[in-house]
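These notes open a run of structures that come right after.
Two complexes are shown next, each including chain A; its partner changes from chain B in the first to chain C in the second.
Our next item is the complex of A and B:
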């Protein structure tokens, strides 16, 4: 595991606390960290890069305890966050000169390739860049030293669709050499490249698995029953059940196949007129999970 | 300003529930059979395919390896990957399509309540879109 946290806890008064999170990110994966605002994603990432120290538990990054990361270890980790401070007076070109000197592994040809792709104005001060250009600049800053691990906190937020595409393309051009942990609400953007998903609810990682297995076990189910259903005492794996007359709709998170689902429904709710399970996108799965955990409160 | 980027020669609209690898392979073979990718034409590298289609580079590499193995593409050292003539069907492929796959289609049509003329019209429209009425 490139990232492994154990009972990681970082408390805050109100918002975004991490309360005993166990997260594992396998090497070579693109892991999407998903959850509602305030679930603790940003704080977890900040502990991973040792911007914050944990109150309890621990985080291992590249096999090293995050509290003991040396400056040299840090050169192997790229961290991008929207709230990052940049030296605003420096021009784009000067900024890259500075980074090039900082990182022994800096790849000039990748820097050139990405700068060409992103069309950044070399002479403009960083403080005068648009939000999109700023993100592109920061992205080159974390890609060009070819880190082993990339931690990206909401890299796509506030970007227009065109810039989002460009940023994703820039990222994927070299993702095969890097493990990526990415938090984003733009789930349809990252669905195609995500290999793993970790879901956070109120400071805990409530689910983590490969995209494949998550997609395989989640189905949007619509049933037409012969008798009106009673929507209580249904299995916990059926999220957000909603009934309207003879219709029942829910998200099955333990789907195996249609035959088995039909049996389960029949056993609980009687005869079925029609049953249709449909696959769900990552975005829809996440929405269902968020809705289900919100109801618990 | 215009600068050269490699553009994926086919579209990919992700469908939930189907592995992305399968979707990419299908889109590529469709492009070759429809003639939108011509024999001898360069096929994008794994990286640029990944960047264009927003998929994981490993998935793109795997799809390209598979297409090479199935003789849709050929790796030419120093040049890259190029498109080949569509490979000949394996014995049994034709039977599998005409019996198995068509039967699945017929059953599914019955389930959703589409009748024979509907299905034939839909097949004809797809056929035209892909083969230009050949």
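Our next item is the complex of A and C:
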């Protein structure tokens, strides 16, 4: 695992931002860290790059305790957050001049390629860039030294669809040689490239698995029953059940195949008129999980 | 190592690109302010420029340090391959190049312009622009910048510090250890120099914590505890306690064993305070609660056994009354704030102090038959350790133990100005006199400073003495450096309120 946390806890006064989080990110994966606002994603990422120290538990990045990351280790880690404070009065070109001197592994041709693709104005001060241009600049700043691990905290937030596509395309240029941990609310944008997903709820990682496995076991199920259903005592893996007359809709998170699902529904709710299990997008799975969590509260 | 240096260079380069213009303007201001002659022509603008320079320097340090703030969670450098200490080194290098170097170079240029030797110009330049106080000030601002993420936070911390300091000064004034009082005693180093060194050490500790392990809370706790310690410690340092510390550093306490002090015989000369005594005294009397009608009296002390050539100084003299278990402290009149200086010449010369006593207090004390007056003298014995004689012809030369000295004679003003600059360990006091007229009284170089030599590890001091001189020939001057040999106290007790029983020495 390139990133591994064990019972990681970080508190701010009495507020538990991260509470015993266990996260594992396999090498070479693109892992989406998903969760509602305030779930603890940003804090967890800050602990991973040692901007914050953990109160309890540990975080290992590239096999090293995050508290002991040295400047040499940072040559292998790229971190981007939308709230990053840049030297605003420096021009784009000067900013890259400055970064180039920090990284012996800086790839000038990649920098040039990305700058051309993103069409950044070289003489404009960073403080006068639009939000989209700023994110693109930051992205070049973390891609051009070819890090082994990229940690991206909400890189797509506030970007228009066109810029989002450009940023994602830039990101994918390096996806095959980098492990990426990305948090984003723009799940439809990152779904196509995500290999793994981890859900955070109130400071805890409640679920993490490969995208393939998650997509395979989650289905949006619509059932038409013969008799009106009683929506209680249903399996825990059936999330957010909604009944409307003879119709029942829920998200099955333990789907194996249609036959087995049909048997399960019949056993619980009686005769079925019609059953239709449809695949879910990452966005829909995420929404279902968040909604289910809210209902638990 | 090479990579780290390259990194420091890169950070420095970035900062100069960001703040080069601001730094250049600040440097220009710093250099201009090193030329007092030029400032003289600017007249009213000079104080404005001084304030502007101070603000610009503080602001530049803040923005340089907070450009890559350590107390932040969002600054770009935090996740870059930059070691905290390399960053600190780059920031310090910026401060040295953009602020310290122009100040030192400006001061050197000014001293060369005045015709001083290169060696003296360099030492004076370093002492005036990069002396202990300047460095401590810089370190404190850096530490403040290191524990805050932006100028707004810094202003809040600064205002909180200022508030604490104001409370401290008020408490100190209430306890009669106000700055003015202590600065003239020679013992000011116990509070001022140690505070300066302590602040410097704390600032370095804060910078180390922030840039080495980046623990903002720990750094802020250090600052908070220091403020609390200072607030708790300083008000408790009454003059007798300050003097006890100083006494501990006496070079030869036994030298004071044979020195005695006697009060002039008879009742204390006393009169009723009235407007004719000068507005300053009356104003002081009124503010101190001694309204019109208060008694103003003098005490005169005669030293005994002061070795010839030595000097005796009284840092502070306290007069109090003891009557029926009550202790009443008399307020010294304004002249008392000047230190009492007695050249050792067999006790022929004496020093006197003036005191104020409200009429009501006198009457209350006079009713007590057992009232006694206690006068405490906190004294220091100074012995000459180096001296030199030279013509007041304007030429400067280096004299061992005195440093670089020169004197100029102005027949029109009938005055000789003596000027000495010494780097490193400082004598307690310089005294200048006319070598060819032994009867002329020596003129000391302002207030003494009894700081132990260990505290003079960095910096230098310039002393100027003004001697009255008549005639047209160029006089010869003698400059002597005195070192403190012993610090000791003497107490004298006399019956009554004004130098004898009430029946013998009544109030006027």
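Here is the rule we use: the second predicted complex is superposed on the first by the 293 of 297 C-alpha atoms of A that agree within 3 Å, B and C clash if a C-alpha of one lies under 4 Å from a C-alpha of the other, contacts with A are read in each partner's own complex, and residues count from 1 in each chain.
Keep in mind that, in the parts below, a residue touches a chain if its C-beta (ideal position, glycine included) is under 8 Å from a C-beta of that chain, and two chains touch if they have at least 3 such contacts.
Because the structure is a prediction, the values reported are computed rather than measured.
Using the contact criterion defined above for the overlaid structures, shared-chain residue A:89 touches chain C, although it does not reach chain B. Of the two partner chains placed by superposition, only chain C is touched by A:81; chain B is not.
Residue contacts after overlaying the shared chain place A:72 against chain C, while chain B stays out of touching range. Applying the stated contact rule after C-alpha superposition, one finds that A:104 touches chain C and leaves chain B untouched. In the overlay built on the shared chain, the residue A:229 is in contact with neither chain B nor chain C.
When the two structures are aligned on the shared chain, A:147 is found in touch with neither chain B nor chain C. By the touch criterion defined above, A:212 lies against chain B but remains apart from chain C after alignment on the C-alpha atoms of chain A.
Touch criterion not met for A:40: it reaches neither chain B nor chain C. Look at A:51: by the touch rule set out above, it reaches chain C but stays clear of chain B. Chain B makes touch with chain A in their complex at residues 1, 3, 5, 12, 14-20, 46-48, 50-59, 61.
Against chain B, the residues of chain A that register as touching in their complex are 28, 30, 116-117, 119, 165, 168-170, 172-176, 189-195, 212, 215, 278-281, 284. Of all the residues in chain C, the ones that touch chain A in their complex are 3, 6-7, 9-10, 13-14, 17-18, 67, 69, 72-76, 78-83, 86.
Of all residues in chain A, only 46, 49, 51-52, 70-72, 74-75, 77-79, 81, 83-87, 89-90, 94, 98-99, 101-104, 141 touch chain C in the complex they form.
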